[in-house]
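Think of it as A, B and C in the order they're written, each chain with its own count starting at 1.
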Amino acid sequence: MSDNKGPITEVTVPGKVATRRRFLRDSAIAAAVAGTIAACRKAEGAAGVVAATGHEHGTVPNASPAPALSPREKADAMDKMHESVMKAFPAKTVGKGNQLLAPRLENGVKVFELTAREIQWEVAPGQHVAAMAYNDQVPGPMIRVREGDRVRILLKNELTESTAIHFHGLETPNEVDGVPFITQPPVKPGETHSYEFVVPNPGSHMYHSHHNSTKQVGLGLLGAFIVEPKRPRRIEKVDREYLFILNDGVHGYTFNGKSFPATEPLVAKLGEKIRIRYMNEGMMIHPMHLHGLHMTVIDKDGWPQPQPWKCDTLNVAPGERWDVIINCDRPGTWAFHCHILPHAESDHGMFGMVTALVVQA
Amino acid sequence: MSDNKGPITEVTVPGKVATRRRFLRDSAIAAAVAGTIAACRKAEGAAGVVAATGHEHGTVPNASPAPALSPREKADAMDKMHESVMKAFPAKTVGKGNQLLAPRLENGVKVFELTAREIQWEVAPGQHVAAMAYNDQVPGPMIRVREGDRVRILLKNELTESTAIHFHGLETPNEVDGVPFITQPPVKPGETHSYEFVVPNPGSHMYHSHHNSTKQVGLGLLGAFIVEPKRPRRIEKVDREYLFILNDGVHGYTFNGKSFPATEPLVAKLGEKIRIRYMNEGMMIHPMHLHGLHMTVIDKDGWPQPQPWKCDTLNVAPGERWDVIINCDRPGTWAFHCHILPHAESDHGMFGMVTALVVQA
Amino acid sequence: MSDNKGPITEVTVPGKVATRRRFLRDSAIAAAVAGTIAACRKAEGAAGVVAATGHEHGTVPNASPAPALSPREKADAMDKMHESVMKAFPAKTVGKGNQLLAPRLENGVKVFELTAREIQWEVAPGQHVAAMAYNDQVPGPMIRVREGDRVRILLKNELTESTAIHFHGLETPNEVDGVPFITQPPVKPGETHSYEFVVPNPGSHMYHSHHNSTKQVGLGLLGAFIVEPKRPRRIEKVDREYLFILNDGVHGYTFNGKSFPATEPLVAKLGEKIRIRYMNEGMMIHPMHLHGLHMTVIDKDGWPQPQPWKCDTLNVAPGERWDVIINCDRPGTWAFHCHILPHAESDHGMFGMVTALVVQA
């Protein structure tokens, strides 16, 4: 599958992708993160002795049955666990969600194909979970279209149970709303169902299963459906875009289907302006906290707020989408995490809903 | 008790009720919902063979000890459960909350009588729970008055424990604030207590027990207290009003005291403008998601927001009230539910915090 | 340690403190609260027979193995428990958090010393819990400085594990951001670490551990970091300030480290304008509900909202800070609590996240 060296689900803005992505992949992330971490290591290089244990809950690396540890040795042992997780960031895992899905054009209609099936998904290094996925991705591939486009989404069901897709936030005609027994029959295993409509209201929307949804969405049948406006507002003109799909089900606490240290850092150059689209597909609130920089909230569920407003901690509830702008005017590696601390850190170090925004000087 | 064919707690706007309610009862709901559902049934009429099993958690309709099912048969069995629940909507149950309480007039004072007592309450077909109720309703009867009215609420306590009423959101004089041992003694079993005041700030407020309240409110001692403003704003002029009292205690996940499929649909004619008043009397947030249409948020806790703003998913926290306007400009049966999916759907189909907004062409 | 007769963490506004605090301590609280409660006691003085049982969960005061109680006797027994808790408010406990920390001046730098160590903390009368504290306070001492001040925070680690401080909400240089292995090595037991910076953005901010933080913050390593603006807005000119640090970990549901009845009342004179700064250092939302008066929300995370807006129930999520103004224009003792009722009341009476705003006529 795809590598995961790219930045966290950087949104592919047509025409700008290749250059930017290459830049990031080649130069930025690993170096930036590694550099920052190296700079804060202790002089004696204690980090060097830490075994690369990965991120296993329930086992204590370096725990030995032998002589009892002094308090300082215990503190050191804990710190080494924490450091080893931090050093592993961004950790390689197999599989990457939110990949831009290229449509094929048929008589002016953009046709997107989504195949739902059961897969194994690597949430963090070595941590494989049972998943239901569109096109083998958790989250499913990103659909990105323009207000007024005509689209056809072909859902092929290769699951062993029925399914359906709801386009969450899109004001589609009722017949493509995707709710079995209200707007359509369920799509049986082996069947393909077509949803065709003219793309209505712009903004950060989602698509996800609406059949047996607690299970199916919890296992990964979800993705971003982004609609570019015909007339972007001035405030929307940014240098980069990132996406956070939050989840908290049986896969644990994840950003874009991955748990720290397998989450991807966000990278920007000093002075750049970035946009983040938050989408909560889980069952809990997640107050997203960015260190050192503030966020300017511009949109809720794809609708402009009457006036932009600022914060450093944005509470994102299930089903909500929030768009924010960040002026990356202060360099450094800034921690970025859910502020429900048990979603982000345990005695074994950071995990789950943690990443970093790297602002490169 | 009352039938429950009417729409979900349609707010009784004086002078318009009879006609509108009759219209709705006679023509709209069952037909609209049934019609929509029928339209999406499979041609072979598979729905016909589904036993009317109701909505029983823990038992699998059609489960037989006999030969193992193929994957497709399993999928069909699950779908039939889901369909049978959907077909049952809106399901009849005994008891209806939020009924408008008519006051009697005594020397210009509107006198409302509330009797608290223990009852059995039917949350969903066949699912009876122990409840504490005002006037045998969960939620209690709706009190609807006008800013500046003089009111007297007579609370008769027929429970076996003491109680008291707090008027949540109303800026009453302190002595009628309803907090035992701070503003009054508790109202003992058998006693009647009188709360008299001039109705202050307008908006969507609540009344509920403030004594042993985790238990008493959890069991149903709560209701809506709506205060019409002396000078309604232009944006408040709507064709219909609906009310959602959210709860999540021992009665399960409920809208207005009922769990899907016993919740009531909201009905509107194409082009109408409706107002929804959300009130959370539970212990959890509930992000309310409407399919296909957006909501314009106008009030928080009865106070106008500085500027209306739009969304499709509104996070309602315990104790909060939010008022929204919906322009019903797109026809169809639109699912309407809490987006914490385990509050809305299980392997056995939809349950709990689910209803639909039916926009009739 | 300090007594706790003062009002709930009244913010010490330089130059006004002594007079105001003395007034409050001498005259206001106990008298006001006691007076109000006395006024609502039953004429027969049933309260007099209630044993001072304190607030012990799990034991029923007055429970006797002897003759079964009649329903009325049971109701009376429950009411007596509830009354005894209410009468105990504000209950004395050892230890008081949020005390203003006076810096020493070194060449124009304000130097604050924080020592982290393990202590026992009295959350409610007789209820002692293991805590980690800065300067033996939970929450830690309040740091209050001015935009543009140069500050040095000296963290002395007397814990048995490593730690670090993050200045939550402050836009500091990256190197003092306080995240081990990203911006600094952890501060080992016995070590002292210095954080020095020019105070950036004004507002209601926090400081807390960012190492093993689920445990360390949960146990008390947190405090308020308030930055006064160079140019206060007109709306910020208030008569008094109060602070609510919300928490919900192993110490139970607390305001400023204390559980009702050991929480402190807020006191104001009729006509005064007060400011409340809410900070959530817990793991859950807490919708704060004030009886009888509304709140005008002015700031979120230290940033002004585009326009102030009103409510009576403000949902505060982990990591968030919200500032509100209250015009105390209606006299009485107003209950003030989290509206997740199980955070505020049990069968044994009120506990946890409960206090009162006493507006003195």
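In this section, a contact is a pair of C-beta atoms (placed from the backbone, for glycine too) under 8 Å apart; a residue touches a chain by one contact, two chains touch by 3 or more.
As the structure is a computational prediction, the values presented were derived from the model and not from experiment.
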| item | value |
| --- | --- |
| Co-neighbours of chain B and chain A - touch as defined | C |
| Same vs different contact residues, chain A with chain C, by half of numbers used | different |
| Whole-Å gap separating chain A and chain C, where each centre is the average of the chain's CA atoms | 35 |
| Shared interface positions of chain B, touching two or more other chains | 285, 306-307, 315 |
| Contact footprint of chain B on chain C as seen in their complex | 36-37, 40-42, 71-72, 74-76, 78-79, 82-83, 86-87, 285, 287, 289, 291-294, 306-313, 315, 330-335, 339-342, 344-347, 356 |
| Chain C-facing residues of chain B, complex | 160-162, 166, 168-169, 171-175, 177, 179-186, 188-190, 201, 210-215, 217-218, 283-285, 300-303, 305-307, 315, 317-321 |
